[in-house]
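There are two complexes below, and they share chain A, which is joined by chain B in the first and by chain C in the second.
== the complex of A and B ==
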């Protein structure tokens, strides 16, 4: 089984003080010198893949693990991935900051996922940017044309080569069997922390370099098919008034008499 | 112990009132605070629970309890902020009580003319510092335990602050203090600017680790505070050796920046990671303060020294980030999140700080990194940083992370690294095996090598001040 994990390295928002978080929320903070870490949900996706590998090895199923990121990422994160057992680590270069360009990120990842032998299972964090947009996994699944399981918290390998996906739902959780290929986006996962490599493994991996995956095509333009669909919103004017009253019961009486007067009119 | 545990509980309740005696098992389990936090996360409590925690609110109550314990052979662990490390607060036997004076939290006198403030032992340092800042002063003392630490404990553990190169360590800040001996007798060392009247008795209590007396009151210096004139700068240097040499040149030339820190890549990546370093590079940063002219002159001199050593200036933002987040770890010690992370990852992060002369420190650094890397099987990370520098040497704060699959192995795994570090340090002529955490109960096994022929004095002092051996057994003197 070939597993691809899409990850991103991002400022560790948990470590911000309330004042810093407020400034970031208001668009005037500076995250350039914040501590970098795995995207919170991406960290769970990376760990999930390692646990799946352990399961598959126990089942004597061949497995390869690849991890990919779009844009800048410090070398130490690549070294760590090799050291904890990833077979391939891929960086897709980006000349500009793509933090708020989910379609372009998804497109780049889709080109990678479709290259070579392809992948049976694609994992990603549900979201990793402060904007909480959670768009990349869904867009990526759509571009790859494979089933998408959002808000996944655990995945188990079944002996028939399919997987069992457990996901959060509004009123609890669901568990469904899924044939591969498929894409799962992890959130509030059962194993939220990524293991760390032993130093000897990290030293052994220090000479390994990540692959650079480059492609020339730009993401396709979004085109609307004819007839063009336009959204229409019918605006109904509301009738708002302020009730002047000392107590709630006095306000209720005022409102009642007002409604009765309007009804009589 | 001459009485039963039940008798101890009844007697203490009679002396102080039952409401002052805590026997809640959950609180007894956490009597030594963050020590053993890794094992505790797995429900493993390795050290004996004390009989009780006794909450005292006055010197008279401390004296009464100590007198009772001394007469009946009950061991006493003094405690205030409970931020100790190295097993300092851990009970060695069940025949122990914890004497907690965190309720003694009155600031007794602020004397801005003579630049001194007098506090009860339970005054939180953060409270005092905030109060002083509002009045335009600072204590100049800012250890990483600032969010937790209280004045008595800071003195008892011979604490140091992150701005020590300018303001000094706790021993430079303490003017005088008061303590109660195990027999209930109160001793006061008066607040004199300097005296020539024999050995300085303050030093019998500063760093006494609760093993000689209970410190009840402390008078410390305060300083004019000039936050508006802070100078700061961050640099990348070729390697730790270059960084150490540069620090030596700055300090021995007579400059005193308040913060002087040098990180190797492993340590910096693990704890901050806001500056990208190549494998052998080190991150060096400074803060200079004081009156504007002094801060500016210090900053300019520091800058020229580092640039002359090939250092690359990278601005001030990473220093600002450190200033804001320097105590984050302390706030996480008791958090449920940290314990959940222990259970999930089985990773244990720990530190051991040592000191040595300028000529020995680089040798110690290299040898420790090499030996820990080669000898510790489940090592995830080892690195170190310099955080306090002196005319004749500096410190290294070794940091390491261990993978500990079975929590029962945690103490032995931790001790193995401590032993390697202390062994390397004590093999050098000028190495000190504990820079500012105290020896606690983890490093006291090295006390005889640490003190050499003067260890006899330490044993004599213990015998003289605590003849019954009730005060924090296992600290200062090997059992």
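== the complex of A and C ==
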């Protein structure tokens, strides 16, 4: 079984200060020096593929794992993927920032997925920053013409070559048995964190390089309109009043009286 | 301008009225409601031109629904199509935009029409920024972010049409729907306690849960606390979890990142407890306490167990 995981490495935005966010909104911020990490949902997709590989090997089913990203990504992330067991790592170059161009990303990935032997199962994160578009997996499945499972949290490979996909639904969760090929977008997954590579595997992978995938531009019928994008910072409420408390006991008493006051109102 | 609002069985009347408000904000005059899985009775009081009640014959997947949606699209050719920004609505909007070649944005928080196009706003950059997207080529397909639009109050008497839709999903082998069990619904509590990564341990998370039970307060958690295994996923509050609006929200040990704030920003009052006086959350709360969360929760719990705390509140 050939499995492709689409991932993105993104700046960690949780620690962005209001001043930094404001500067980005005004077009003078710079995220080049921000700490980079796997996209939150993409990390779960990468780990899910490794777990599927372990299952398939136990079933004596041949499996290859590939990971692909569009745009810039530091070499250390590729090395990590090789070190934890990915057979292929592919980078699709992009000259510009595609944060708000999900269709172009999906199109590039669709070209890769259709190249060579193709893929039986494609995994991706449901969405990633900074665009937060939540469009790439669905568009990619549409472009590939394969079934799509959004908000997937677990996948099992069955011996008959099909998969069982568990997904969050608006009123609960679903488990669906499906023939392949299919695309699953992971969110709030059962195993959200990517495993760490062993040092010896990292050293072994340090000389491996990722493949570069080039493709011809979109044919005219696939030229999509991309919106004009403007960013701005929205002022949030401030004016926090610090409650006086010398000890944890005093703080606890203050908080409990606040809660009591609120309950009585 | 014609607009179509696409609903699923789990969408509520309030959500439908938000969608109607968004459609009117975009200047839609004729609004058609396409209710998959059948139209609920309340749809007949919505200010719309027509309600189409579509009964599907088997579990519906967005792939097959998107194909089916094309049939109704071709009849009316709406310039604007709106979906509610939950999992179903977002997925369907994405899939159908590819089929119809329309312009697409998910989870929009604002919309207005101008000569030659539509301008929408949505959150980006870890929800720190607002992005304004200008589209010129229709049809325009948008899903709306919950609680971002008013609920259009006016009543109407739309026409009703009923159709049955046979769906084809040849790739499907089995299907099981597991309804949500014992979901912790935080929406009914006047006071909600939120635990973040700064709780430091599962023991402190358990103490917070006990405290919540003694006080009659709801207990929610941030994403890092849930993924550390300290709380169940049904307690997740924030962009990818529940959005709450209690009278008082007390947040323990959370940095105050944008996804959490999106989930609690409609609270009447927010009190944050954090050991770092420079934590971001103090920029976004009403009152703050600087201190060790574990110790403060321990003290609160001890007082509550001794009966020195207010007794259980009634749920709203």
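Simple rule for what comes next: the second predicted complex is superposed on the first by the 199 of 265 C-alpha atoms of A that agree within 3 Å, B and C clash if a C-alpha of one lies under 4 Å from a C-alpha of the other, contacts with A are read in each partner's own complex, and residues count from 1 in each chain.
Please note the rule applied: a residue touches a chain if its C-beta (ideal position, glycine included) is under 8 Å from a C-beta of that chain, and two chains touch if they have at least 3 such contacts.
All figures in this text were calculated on a predicted structure; none of them were measured in a lab.
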item	value
First, second, both or neither for A:206, with chain B first and chain C second	first
First (chain B), second (chain C), both or neither touched by A:88	neither
When both partners are placed on the shared chain, which of chain B and chain C touches more of chain A	C
Touching partner for A:254 - first (chain B), second (chain C), both, neither	second
First, second, both or neither for A:33, with chain B first and chain C second	first
First, second, both or neither for A:168, with chain B first and chain C second	second
Partner chain(s) touched by A:193 [first = chain B, second = chain C, both, neither]	both
Touched partner set for A:15, first chain B, second chain C, both or neither	both
Footprint overlap on chain A, where chain B in one structure and chain C in the other make contact	15, 17, 192-193
Interface residues, chain A side, partner chain C - complex	13-18, 21, 24-25, 99-100, 129-135, 138-139, 141-143, 147-148, 150-151, 162, 164, 168-179, 182, 187-188, 192-193, 224-225, 227-234, 236-243, 245, 248-249, 251-256, 258-260, 262-265
For the chain A and chain B complex, residues of the former touching the latter	15, 17, 20, 30, 32-37, 74, 76, 191-193, 195-200, 206
Partner chain A, residues of chain C touching it in the complex	8, 10, 59, 61-63, 66, 86-88, 90-91, 94-95, 97-99, 101, 103-107, 122-137, 169, 171-181, 190-191, 215, 217, 227, 233, 236, 240, 247-248, 250, 255, 257-259, 261, 268-269, 271-273, 280, 282-292, 295-300, 302-304, 308-310, 313
Contacting residues of chain B [partner chain A, same complex]	269, 272-276, 279, 317-318, 320-321, 324-325, 328, 341, 344-345, 347, 373, 378-382, 401, 403
